[in-house]
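Below is one structure. I have some questions about it.
We just call them A, B, C and D in the order they show up, numbering each chain from 1.
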Amino acid sequence: MNQLENKISFKDRIKNFFGEKGSAALGLIILFVFMTFMSDRFLTFSNLLNVARQASINGIIAVGMTYIIITKGIDLSAGALVALTGTVAAGLIMNMGLPIMIAIILTLIVGALVGSFTGLMVSKQNIPPFIVTLALMTILRGLSFVYTSGRPIYVSNELFRVIGRGYLGPIPIPVIIAIFIGIIGHIVLKKTKFGRHIYSVGGNEEAARLCGVNIDRTIIYVYTSAGFLTAISGIILASRLSTGSPNAGDGAELDAIAAVILGGTSFAGGIGSVSGTFIGVAIIGILGNGLNLLNVSSYNQMMVKGLVILLAVLVNNIKLKKQNISR
Amino acid sequence: MNQLENKISFKDRIKNFFGEKGSAALGLIILFVFMTFMSDRFLTFSNLLNVARQASINGIIAVGMTYIIITKGIDLSAGALVALTGTVAAGLIMNMGLPIMIAIILTLIVGALVGSFTGLMVSKQNIPPFIVTLALMTILRGLSFVYTSGRPIYVSNELFRVIGRGYLGPIPIPVIIAIFIGIIGHIVLKKTKFGRHIYSVGGNEEAARLCGVNIDRTIIYVYTSAGFLTAISGIILASRLSTGSPNAGDGAELDAIAAVILGGTSFAGGIGSVSGTFIGVAIIGILGNGLNLLNVSSYNQMMVKGLVILLAVLVNNIKLKKQNISR
Amino acid sequence: MDNEILRLEGLSKYFPGVKALDDISFDLIEGEIHALIGENGAGKSTLIKVLTGAYQKTHGKVFYRGNEVKKLNPTKAKSLGISAIYQELTLFPDLTVAQNIFMGNEKVYNKSNIVKDKEMMNEVRKIFEKIKLDISPEILVKNLSIAQQQMIEIARAISLDADILIMDEPTSSISNKETEILFEIIEDLKKQGVTIIYISHRLEEIFEIANRVTVLRNGKKIKTLKIDEIKNKDQLVNLMVGKEVTDLFPKKEVKIGDTILKVQNLSAQNKFEDINFELKKGEILGVGGLVGSQRTEVMETIFGLRNFDNGEIILNGHKVKISNPQNAIDLGLGLISEDRKGTGIIKTMSVKENITLPGLDLIDRKYSVLIDNKSEEIAADALVDRLNVKTPSLRQKIDKLSGGNQQKAIIARWILLAPEILIMDEPTRGIDVGAKSEIYELMGELVAKGISIIMISSENPELLAMSDRIMVMREGKISGFLEGKKQTEENILKLAFGGVVN
Amino acid sequence: AQDDQLTVGVTTVTLRHQFFIDIDEGIKEAAAEHGVELFTNDPNVNAQEQVSAIEDYMVMGVDGLIVIGTDPAAIVPAVNEAAEQMPIVTIDMKLETDKVDSFVGTLNEDAGEQLGQYTRKYIENELDGNAKVAIVSWLESNIQQQRVAGFEKALEGMGNVEILQPQPGYDREESMNTVENILQSNPDVDIIYSTAENSVLGAKSALESARAEGVKIVGFDLTPEAADGIKDGRILAMIQQQPKEMGRRALNALVEKINGNEIEPLIPVPVLLYDEENVDEFLN
């Protein structure tokens, strides 16, 4: 009987792996091999680091988005928050003359506060996250424009630029930050009480409440962390661009959401992983880089991007179907 | 017993009314009164017709979106489909020289086909609608650009312009079309087997399946109808602008979704109404009109729009809370 | 003197239009097993949800060891040592068994937020050993059967080391074997001084374990009795119903006709194989077996919900292809599922809409497309009346009804369709005695009209009383049929456990 | 590509607007004449994506870069970095850096002022110096901001001219709705200044369907449809830039530079002001 037990749990593990992110991994591999064959510029150390650097901002946002989507939420305001935090950081440094560290800390606080506001609206006020963040999307974007009067704030400070443009050895600093956040994000989700509660809220909120999980607090913490992470992205982007621009981060939320879903996290809640999300981030990053390398025309790029996302999820589903009993 | 029954069912009715769309109505009334006080131009027959005409395109899309959201779906590709159908209609008339009626019919078929593709992906392939339509959003937009080579197609045909710009008596034709579609949309949802099935799929898919509801077919029909309605909007917009533009309809899906949710339809599925949606459409229409009438500056408009949406839902929730015993 | 651990004074709980609890006073003595009984909708589940803080009371006071508890919420209740197994499953399908059991109660490295997975896993193994449950702690809960899930709930409640443990119909979806294990556990807990509130519609269980019994009716407390003050089951039933109830199994003899359904060599990989049986017109075929014996799967396959690899289904002499429930319904089949919440009710819809959903084609139409409101209401009303569904109105959302009344509404759904064959999977699960006998009576009427019934049941008395024949399954195979005098509890068990009946 | 063939990377603002499509065509034509291999990237108004594209071009090692900026500051670090590897020519939007080799395009503030002066004369001559002016623009763009600023500068000091807050108009539909609403709130509006192609055409549709005959449009970016508007009197005057010409000149200059020749740091492409007097020249 012990054998049966082990067998099931092994099968289970495989199934979990393939179900959630295995096929995203498959999609990534296919894309990778395809690109290697199509462009001799793709598989070079410098290009891969280049892709990683470009993907890092999306990666950081996507970690928070993973948490949010596991709780059945969504965050459409991430891109606008990238703009707001980027302009705030730039403004604090250039207009207020604050030291870099202070400016960064204050900016992170802004991000976290915006996130906790979202969390409050979602939990205590019970407003659908789609609506809260849809409203916040235009509010935060508007705030960034009002704050800057529509003029990007150029940051001349060299130290600040290092965050987004510097290297540690051969590795770009944003890549290091993103990997670090990915690892922490993974551990928090899988190995902490907080992570467990995130899954429980998304899996069965009623049951979680009855188990004594503090739903509201969990949701507020989730959005607060996501806001904090988005602020990090905002700072990195502002540093990369040496500019706090109210136009920055346009559409960033959609890239993050796409990465999360490609990585096997489900809108139905209760399922998902940071590692899967990073695979999704890699797919989207390579796709953007690849289409540029292959000189695909602008209009065709739109179509190809959409088709690849659709295909990636389709491949996923065909695998899932084979395992399913019916339907 | 009979008395109890009547009392309850009356209370029930009130509650249903307030719960689902009552507070949207309240929000609408507040906004309406506010605007009347703030601008003497607001409450004029010509301005109200003006608002109605502007809102009609959103209204038509939002009917389909209501159906979709009741089934727990979403359609992010509506705006792109507005562009595609608008350019196709313009192209058929101007480049192919087809008669208006034929061009319109073919365009409606294109809309319905795109919708049924979405429906197929969602039902048979079981891909989350957010992802299918996120992908379609860029695919359809890309198609419109490829089809037009990025150049808007100017429609000189006078008959075609009537659809978007004409009047029947004092009432703009788009308003008449939108009201007609609203009424039909309401009846189909509340009074037909198809409508009942829509609710059942959103409420509990497994239970509906067991009751012999053909889930896949219901979902496909829902998206097909939505695609058809979006095509109508695309045609009206092209007519209003005398142009089929691949940029048209940018963000139209977000307006439609906001209207649906403001109107009390729930992302959780199984709940919603076309009448509520129309209240939401009115709120969004008056908001846009009002901000222009009040000469609010461009950046502030962004913030105000977001805030009003948030407030409208908050008002809603406070009412709901009062009625709820606990939760 | 007995130690009172919990006392309720004048407790009321109102829902819109319903007084679910009306001025209840109740006391709980430390270490006792206190049974709570009453008809469907009497307020049992509501009472325990107030006690665990899941619902907020409308009026009244709660005292814990003599001190009033003002704000009772799930966290507070937990800190008082109150834990519960709810009537509805409260599990997380995508998490593992171990994660489920420790949800909200995780073991962490001192004061950190990091969980000790290994330790929790070992703990679970220990608990499982104690309750003789053979499930891997690493398996995802969604892969377990309902019964197994119920056992997980029980394990979770035990793991909490509660002072007061509330069990709301814990046995409604588990087999006799598991029930026995549960009772052993309860005895153990009692010895450790745990106080237990026990809710069940199976009155014989009450005599087996309870010290005292409180009877609720229509939200009011009728009486609390010591177990030795109770003469017999009928006395309890009378208290619950408020009138005399006789003849719990009122099945009349019905003339059995020709074969209507024939299932041949039906097999599905890893599920079941070589299923062969026949069903005759007007017959009630009982299906017995242990939980996990794949009875549900076989019937769901026949109803078109699942794929199969081999075999044939022959209806009225014709081979039929049933690839979805729609086909099945068109061919005159109906199925009442065992999972009321998951695959039964549609909670966003009203009682009326739930009843008419599969039978909308039978309702009159206006202009040939619009559902006629009147005709729909008349149909639903008649069924609500006939089945005695307790609901404030036809427009009430179905999830506001008590479990048993939801079940009756679901049965109404299929009666409206007048199927030729009705498959009932655990049809009386969680249903009170009064409603049970109504359902049995109804089954009798249905077969008298020539309808055939397949009834899966884990309650052997019910199988024995209602079935013309009993088919017993074991590990995905049919282990035998029992007819006439062979229909005994002992024989069912023999077949279920792999024995032979001669 | 053969080893001796030049490769040029182009990153534009968006290929979803006629104006930039025209620039792109100019670049393509000139590239074909020179036998240059072109890579084209469309970040669709997103600075971050434009930066990624520039980085991709650096990795690819193109010989030169044409940048049509999405943001005057945000892309500067990437542009500066690229400038160390290759010559760069910018079009349309002046970037806040001196590392690029040349700027080709319109001086937008000047052009806005030119149109403003024209409008000023109209107000003085035809409206006795009394006018209400509405502005429809997309102020998220720096270039549009410059056009508004130049225009407002030209009207400064006119006591009886009221200029309303700029109202949003990115695409045609939004511009049309905005103008319809302005007509409701300010039925006495005399002039609508639309700062780009879509806001001009949206305003034109709105005036047509509202049959608001007295109101005149001035704006940027002449298209055949807008030329019709000039002919039937709805549009007073338009600034026409020469996008194709910008594209050609930019590529020509870049090739010069790659071949080691010096080029002018500022290559202005003159704008033309069209009104009913000279619109036929455009149509021919």
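In this text, a residue touches a chain if its C-beta (ideal position, glycine included) is under 8 Å from a C-beta of that chain, and two chains touch if they have at least 3 such contacts.
In this text the structure is predicted, and so the values were computed from the model without any measurement.
Visitor: What are the mutual neighbours of subunit A and subunit B in this structure?
Guide: C, D
Visitor: Distance-wise, how many Å sit between the C-alpha centres of subunit B and subunit C, to the nearest whole number?
Guide: 42
Visitor: Determine the centre-to-centre distance between subunit C and subunit D, using the mean Cα coordinates as centres, and give it in whole Å.
Guide: About 71 Å separates the centre of subunit C from that of subunit D.
Visitor: Subunit B to subunit D: how many Å between their CA centres?
Guide: That gives a centre separation of 34 Å.
Visitor: Mind pulling the residue numbers of subunit C that touch at least two other chains?
Guide: Residue numbers touching two or more other chains: 305.
Visitor: Give me the residues of subunit D that touch two or more other chains.
Guide: 15, 139
Visitor: Two or more other chains in contact with one residue: find those residues in subunit A.
Guide: 145, 150, 298-299, 301
Visitor: Mind giving me all the chain pairs that touch?
Guide: Going through each pair of chains, those in contact are A-B, A-C, A-D, B-C, B-D.
Visitor: Which residues of subunit C touch subunit A in their complex?
Guide: Touch list, subunit C to subunit A: 52, 54, 74-75, 78, 84, 86, 89-95, 99, 103-106, 108, 113-115, 117, 134-136, 138-140, 143, 305-307.
Visitor: How about subunit B: which of its residues touch subunit D in the complex?
Guide: 39, 41, 44, 46-47, 50, 53-54, 57, 145, 149-152, 154, 164-165, 237, 240-243, 245-250, 288-289, 292-299, 301
Visitor: Applying the document's contact rule, which stretches of subunit A touch subunit B when the two form their complex?
Guide: Those in contact with subunit B are residues 121, 125-128, 130-132, 134-143, 145-146, 150, 254, 257-258, 261, 266-267, 298-303, 305-307, 309-310, 313-314, 317, 320-321, 327.
Visitor: Show which residues of subunit D lie in contact with subunit A when the two form their complex.
Guide: 15, 38-42, 44-49, 51-53, 55-57, 59-60, 70-78, 96, 139-140, 142, 145
Visitor: Could you list, by residue number, the parts of subunit C that touch subunit B in their complex?
Guide: Interface residues on the subunit C side: 14-17, 55-56, 58, 303, 305, 324-326, 328-330, 335, 337, 342-349, 353, 357-358, 360-361, 369-371, 392-393, 395-396, 413.
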